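Shared chain: chain A. Partners: chain B in the first complex, chain C in the second.
So, the complex of A and B:
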C-alpha cells in the first residue's frame, strides 16, 4: 500500500480544533432536544399556572417555608450524605406518585366501580381460590385433575350455576354468581368498610411483607396501623371536606406505603435515615406555607390547573371547562390496554425468546414485529375502525374498542422490550438450571421470568406511556370530542386527555381555551406521564442493581 | 430459624385477629342498606352526535346544558365535518344526530336509505358574516362579491382602494379580519374566495377577538374588515355594514335577509339531522325538542356561539316538523 512506503519524518502536528469542535457538536446534539422541550414546557406551565399573578407575599411565604428549607436540606445532604439524599428523593417521589395514583383510583371507585361491585368481584375470585386451596390440602389429586375442577369452580363463582352456558340450552339460573349474591344482600357493610377489607387489607399486607426484613413486629405494626389509619380516615373524612371512599383510598395508597418505606429505611438503613428529612421538609413546608398564606390572606396564582379543572367536565365557557371525563377515560383506557397487551406481549416475547426454533419463519416474524413498531398510529386507528367497529360490529369510540386498538399499537413495543429483558438473563443461568435437571418450563418459570420481570414491567410501562399520549387512533375509531360524564363500562364512549386537549385546541380556538385550558390540559397530561415513567425508572434501577 | 418462624406465625395471627376484630366492630356500626329507590321518570341513555365543526359549538352548548338537567343522559359530540359525519357515522347507523353546515346531498341520502336510516332535516341557526367599513367611508358601502374577493385575495393583493376601482381614493387599504384559526376565516374563504381560489391574503391584521376588528375599522377611514354577524349587531353604531351584491343587487346584512336567504353568499343555514328511528327513544326526542326550543335563545346562540338565532316562526315550523317525525317514529 502507498502509505507503507511513505517515510515518516516526525510526529507532525495534529490540530486539536477539529476534535474539540466535534466534541461540542456532540454536546449540542445531546442537549438540543432537551433544552427545546424544557423551554416549551416552561412556557406551557407558565400559561397554565400563571405564577406571576400571585401576591408577592405569597411568593415570599413559600420561598421562606418551602424553597429555602428544601434547597438547604438538599445542599446539606449533597455535601454530607449522598446515599441519604437518594433515600429522601425516593420517599418524596413515593409521596407524590402515590398521591396521583390514589387520586386516579379514588376516581374509579367513586364514579366507575362502586365499592360494592368491587367487593363483589374480589369475593368472586377470593371464594373459589380459598376453597380450592383448602380442597388441595385435603384431597391429593394430580395437577391435571385439578384444572377442570378449578375451571368449574371459577366459572360458577363468576357466572353462577348453570350460568350463560345453561341459558344456551334453556336452563334456569338456580344459583346466582358470588357477585350477584353479594349485591343482593339487603344490608351490607358501609362502602368504606368494604374498601378497608377488600383493598386496604391486601395493600397493608403487601407493605407489611416489604417491611418484614426490618423486623416482624414493625411489619405487623405497619400493617395493623395502616388498616387503622384507613378506617380513621374514612370516619374523620367529613372534617376535611372529603367523602369516606376517597379518604380511605388516599390513606391506603399514600399513608400506608409511605410509612412502610419510612419504617424500613429507619430500621434497616439507620445511616441514611437523615435523608427522610427531605420529604418531611417539603411536605411540612407546603402545609405550613398554605396555612400562613391563608392566615395573611395572600392570593395565590390564578392557576388553571386547580381542583375545579381536575373535577369538572368540558364546558363552552373556558373558565368552567375541566378534564375530569378525559382523565377517567385515560385511566380506563390504560387498564384495558394493559389487560390486552401485557399477557399477549409478554407471552409472545417468552415464546420467541425461549421456545421458538431458529427457523426462517421465526426470523420473518421477528423482522415483522420490528416493522410493526414503526407503523404510524393513525394506521392502527384505521385498523381498529375496520376490524373492531366495522367487522366485529362494536359501537364506535368505546373503551373496549379504544383499549384494544391502543393495545395493538403498543404490542410490538411490549414484545420488543420484553424480549430485550429476557435476553439480558445470562445464558449461564439457564444452563445451570438445565444442569440441575429442570425442564424448560421450570427454567422459564423459576429462573428467567423472575430475573427479567422488572425489566419487562419497565418496558410495558414505557409503552403504556406512549399509548396514553395517542390521539390519532382515538379520532379514527370515532371517540367523541366532547363528553360530559365518565365512561362507566367497557361499552361506553370514551375520551382521553390528549383528545380533549386536541378538541380544545382545534374546535374552541378562543384565546381563553387556547392560552389557558389547553396548557392546563398539557400540564396534567405530562404530569401523569412523568408519574408513570418515574415508576418505570425506579423499576429499571432496581433491575439494574439486581444484575 | 425455627424460633423465627413461630414468631412470624404468631405475629401474623395477631395481625389477623386484630384486623378481624376491627372488621367486626365496624360491621356492627357501619352498614348500608342496598334498597334502591328507582326513579322511573328520569331520562337515561346515550345520545351520539357527529358532523359539522361549524355546528359543533352549538351542539355542545346545548348538550352541556341538557346533560346538566338530565344527569343520566350521556351526550357525546364529535366533530367530523358534515360529509364525514354522514358517510362514516350517521348513514352507517352509529350516530343519532348529524350536524351539517349545508343540506344533505342526494348521494348521502341514498347511502342512508340503503341502511334504512331516514334523516329528518332541522334548521337550528343561521351563520352569517358581515363586512364592515369605517363610518366615514362613502365609496365602498356596496361591494360586489368579485370586488370583495379581489380585496382579500392573495394573488391580487391590492394595496390601495384605487387598485380595486379607479374612482376610489388612492389610499392604502387597512385590512382587519379573524385569524386563520377561526371558523369564520374558513367560511369567508369558502364563500367569497372559493375553495380552489387564490387563497386568503396574509398581510392583514388577524385576530381572534372580534372586538379588535371593530376597533381597527372604527379607528381608520380606509379600513375594511369582516366578522361574525352576531358581533356586528351589537356594534351597529361604531362601524357600518357593507351591502353585498351577489348579482341580484346589493343586500344589506340583517336578521331578515340572512334568514330569508337573500344575503348571499355570506349567510347559510345550519342544520342538524336526527335519524327517524332514534326519535322513537324518549331521551333523544327530548333532546331534539330541547335543541329547537332553545335555538331562539340569543344568549347561547348569538352571544356564546356567534350565530343568528331562529325566529319564532322558524322555530314553530321546525318544531312541527320534529313533532311529526317523533309521532311517526313512535307510531
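So, the complex of A and C:
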C-alpha cells in the first residue's frame, strides 16, 4: 500500500439515518411540553387581554415607539455585544420583577400591616438586638449564658413585662411591650416617614453595599440618593395620583435597586453598559407610547387584566369582578409558607447533610422524605385539616392553617433541593475548614452555608412557586372560594388566586366568567409565578458562576 | 518553635494536648532542635476490613522536613490524616496503635480532635482556598480559633512567610479564587500557618502545579522548617531528595519499608524493593 500513491476522491459515507431520526425525536420530546404550554398561554392571554379590540392606531403607535426600537436594540446587541445584552435583560427583569414585588408589598402596607404597626415590629426586634450587641461588647459571658439573657430580652421587648406569663399567675403588666410603647407615643411621625426609616434605610444600605465594589463614593451616593428619592416620592405622590405609602414603597423597591444595578454596571463593567439601552428603550418607549396614544385618543385593548381587575373583589357580574383579595391572600400565604418551610426545611437539610450519622435510620428518613415529595397535594390538605383544624382546634380556612398546610406540602421539596445545594459544596471546603481546627458548627456557619445559600434560596423559591399554585389543599382545609376583603391577620379566612380562578371556572361559570375572568386570573397567576421563577433563575446563575 | 508557641496567645482552653505540651516542654527544656515531635507506635489503619497501614512505627523529628514517599495507594495520605485525626471524618476508617504528639497519644479518649487540629496545620493536594477574600482566607484560622491580636499584622506576617505577600499585598480584599494555582496553594499554606501550629502536614502540595510554582513551594517548605515541623507526602522522588531531612518509604500494602535520613535512604537504601522504587523501576 505504501507504494500506492494514487489520489483517492473520497472516503465513502457512513449511514447516520437512525441517528438523525433519533436526534429529532429527542428534540421533539424536549419541545413538546413547552410548545403545548406556550400555545395554551397564548390563547389564555389573548382571551384575557383581547389585543385585537384596540384601535389600529394604538397598535401602530406602540409598534413604532416600543416594538421596533426594542427589537432593533436587541438585534444590535445580539450582533455586537452579547454580554451587554444579558446585562440589559437583567436590568429590564429587575424593573419588571421589582415593580410586581413592590406592588405586593404596597398592598400589604396599605391594607394589612399599616406602617405604624410595621415600625413597631421593627423596633420590637431592633431595640433588643442593639441592646444585646452592646451588652456583648461590654460584658464577657460564654455563649450559653447569653441565650437565656437574649430570650428574656426579646420576650420583654415583644410582650412586655411580665407579659402573658405574668397574667397566668395573676401579675399585672408593668412595662408594656416596645410596640405598645411606640404606638402610645403622643406624636408619631407620618406613615411615609416611618417607612423611610424602617424600610427604605435598610434597603438603601443593602443596595449601597452591593454597589460598593464599584466605589465607596458612588455607593454612598446611591444609598443617600435612594432615601432622598423615597422621601421625594412620598411628598410628590399626590401629583401622580398615588398616596404616600405606595409611592414610598415603589421608590424604595424599584428605583433604589435599579439605580444601584445601573451604577454598578456602568462603573465596573464599562464594556457592557451599552446593554442598559434595552431597559431604557423599553421603559421610554412604553411611556412615550402611552402619552401619544392619549394625545391621539386611540383606544387601547379592552383588557380584562386592568387596574379594576387587580384592585377589586369578586362580584356577581363578571365585568366588575376582581382578584384583589385573592392576590393579597396568596401573598400572605406565601409569607406564612416561607416562614414555616424555610427554617424547617433548611434545618432538616443541614442536619441530614452535615450532622446525621450514616445510619440505617438516617437512610430510612432519607428515602421517606423523597416519598413525601410525591404524595398528592389533596392528602396534605387532609393532613392540614386533621392536624391543624381538628386537632389544634384552629378555625378552618385561615391564613395560618393554609400557610402551615402548604408549608408541609413543600417541606420535602425544600429539604431535597437544599440538600442538593449543600451537597454541591465541595468536600474540599469542609476538609480545609476542619483541617484548620474548626468545629462542625463553625464549618457549617462559615463555609458550608455561605457557599450554598443561593442554591438553597433558589430551591425554596421554586418550591414556593409550587405552593402558590396549589388549590386542592386549600379546599380541603375549608378556605372560602371567594373573599370580599383582604385577610388582615393570620387568623383571618384566606382565599388564593388559584382557588378563586377555580371558583370562577366552576361555581360561577357563566360564559363571561369562564371566557374572560378566568383567563385574566390565569394571566395574573402565571405572571407572579414567572416573576418568582425568574428570581430563582437569576440566583441559580449567580450560584453556578460561584462554583 | 517553642518560642513561637509561647508567644502566641493561646486559644485552646486547657485542652489535654496543651497541658501535655506544657509538661513536655518544662520537663525537657534543654531539648535540641531535632527532638521527636510525632511518634507512631504500631499504627494500623483499616477502611472497613481493608488494611491500609500495617504496623507503622516511626519517630518524626521536630523542625525538620520529613517526606513520605511511595507508590499511590500505599497509605501515605492515610498516615498523614492519622496525625491530625482527619480520618475521624471517614466513617469506614479505624485506627489502632498509638500516635503520640509530644508524648500524648492523640487517640486517647480525652483528646478533642478539634483542639488537636489547632496544633497541626494541613495543606491539601489541590489548592482549596475558601471563596472569600485573600485576607479572610488567611484570617479564617485566627477567627475560628478566637485568637486575639492585630489581624492585619498577623495576616501580613503569614503571607510573607508563605512568600506570597509581594504578589498580593495590593489585592488583599479580592477573592482568593482569582489567584493562579501556585498562588492559591501558597495562600493555603499561609492560611495553615497563620494560627501558628506546631506541625504543618502537606499532602502532595505541589502535584497539581506547574514546575515553576512547584519550585517556589519547595523553597518555601525549606524555609518553613526553620520554624515548623513539616511532614510532606510526595510521590516525586527528586522532590523528596531536594527538600527533606528524613524520608519514609511506604510500599504497597501499607508497609513502612524504610525510614531514615534522606541522604542515606537515597544513596544507600536498605532493601532492594526500596532501591527499585526510588530508582524508578516500579511505582
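Note that the second predicted complex is superposed on the first by the 532 of 547 C-alpha atoms of A that agree within 3 Å, B and C clash if a C-alpha of one lies under 4 Å from a C-alpha of the other, contacts with A are read in each partner's own complex, and residues count from 1 in each chain.
Heads up, the rule we're going with is that a residue touches a chain if its C-beta (ideal position, glycine included) is under 8 Å from a C-beta of that chain, and two chains touch if they have at least 3 such contacts.
Since we're looking at a predicted model, the values are computed, not measured.
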{"item": "Superposed partners chain B and chain C on chain A - clash or fit", "value": "fit"}
{"item": "Touched partner set for A:492, first chain B, second chain C, both or neither", "value": "first"}
{"item": "First (chain B), second (chain C), both or neither touched by A:190", "value": "first"}
{"item": "Partner chain in contact with A:116 - chain B first, chain C second, else both or neither", "value": "first"}
{"item": "Contacts of A:438 with chain B and chain C, given as first, second, both or neither", "value": "second"}
{"item": "Touched partner set for A:480, first chain B, second chain C, both or neither", "value": "first"}
{"item": "Chain C, chain A and chain B - angle at the middle CA centre, rounded to the nearest 10 degrees", "value": "150"}
{"item": "Of chain B and chain C, the chain that contacts the larger number of chain A residues", "value": "B"}
{"item": "Nearest-approach distance, in Å, of chain C Cα atoms to those of chain B in the combined model", "value": "9"}
{"item": "Common ground on chain A, meaning residues reached by chain C in one complex and by chain B in the other", "value": "none"}
{"item": "Complex interface listing, chain A residues touching chain B", "value": "116, 183-193, 196-197, 201, 208, 216-217, 219-220, 223-224, 227-228, 231, 313-317, 389, 395-397, 478-485, 492-493, 503, 506-511, 514"}
{"item": "Contacting residues of chain B [partner chain A, same complex]", "value": "7-8, 11-12, 14-15, 18-19, 22-23, 26-27, 30-35, 46, 48, 50, 53, 56-57, 60-61, 63-64, 67, 71, 74-79, 88-89, 94, 181-183, 208-209, 304-305"}
{"item": "Complex interface listing, chain A residues touching chain C", "value": "357-358, 426, 428-429, 431-439, 442, 446-447, 450-451, 546"}
{"item": "Chain C - residues contacting chain A, complex", "value": "84, 86, 89, 91, 114-119, 121-122, 124, 126, 128-131, 140-141, 143-145, 188, 191-192, 195"}
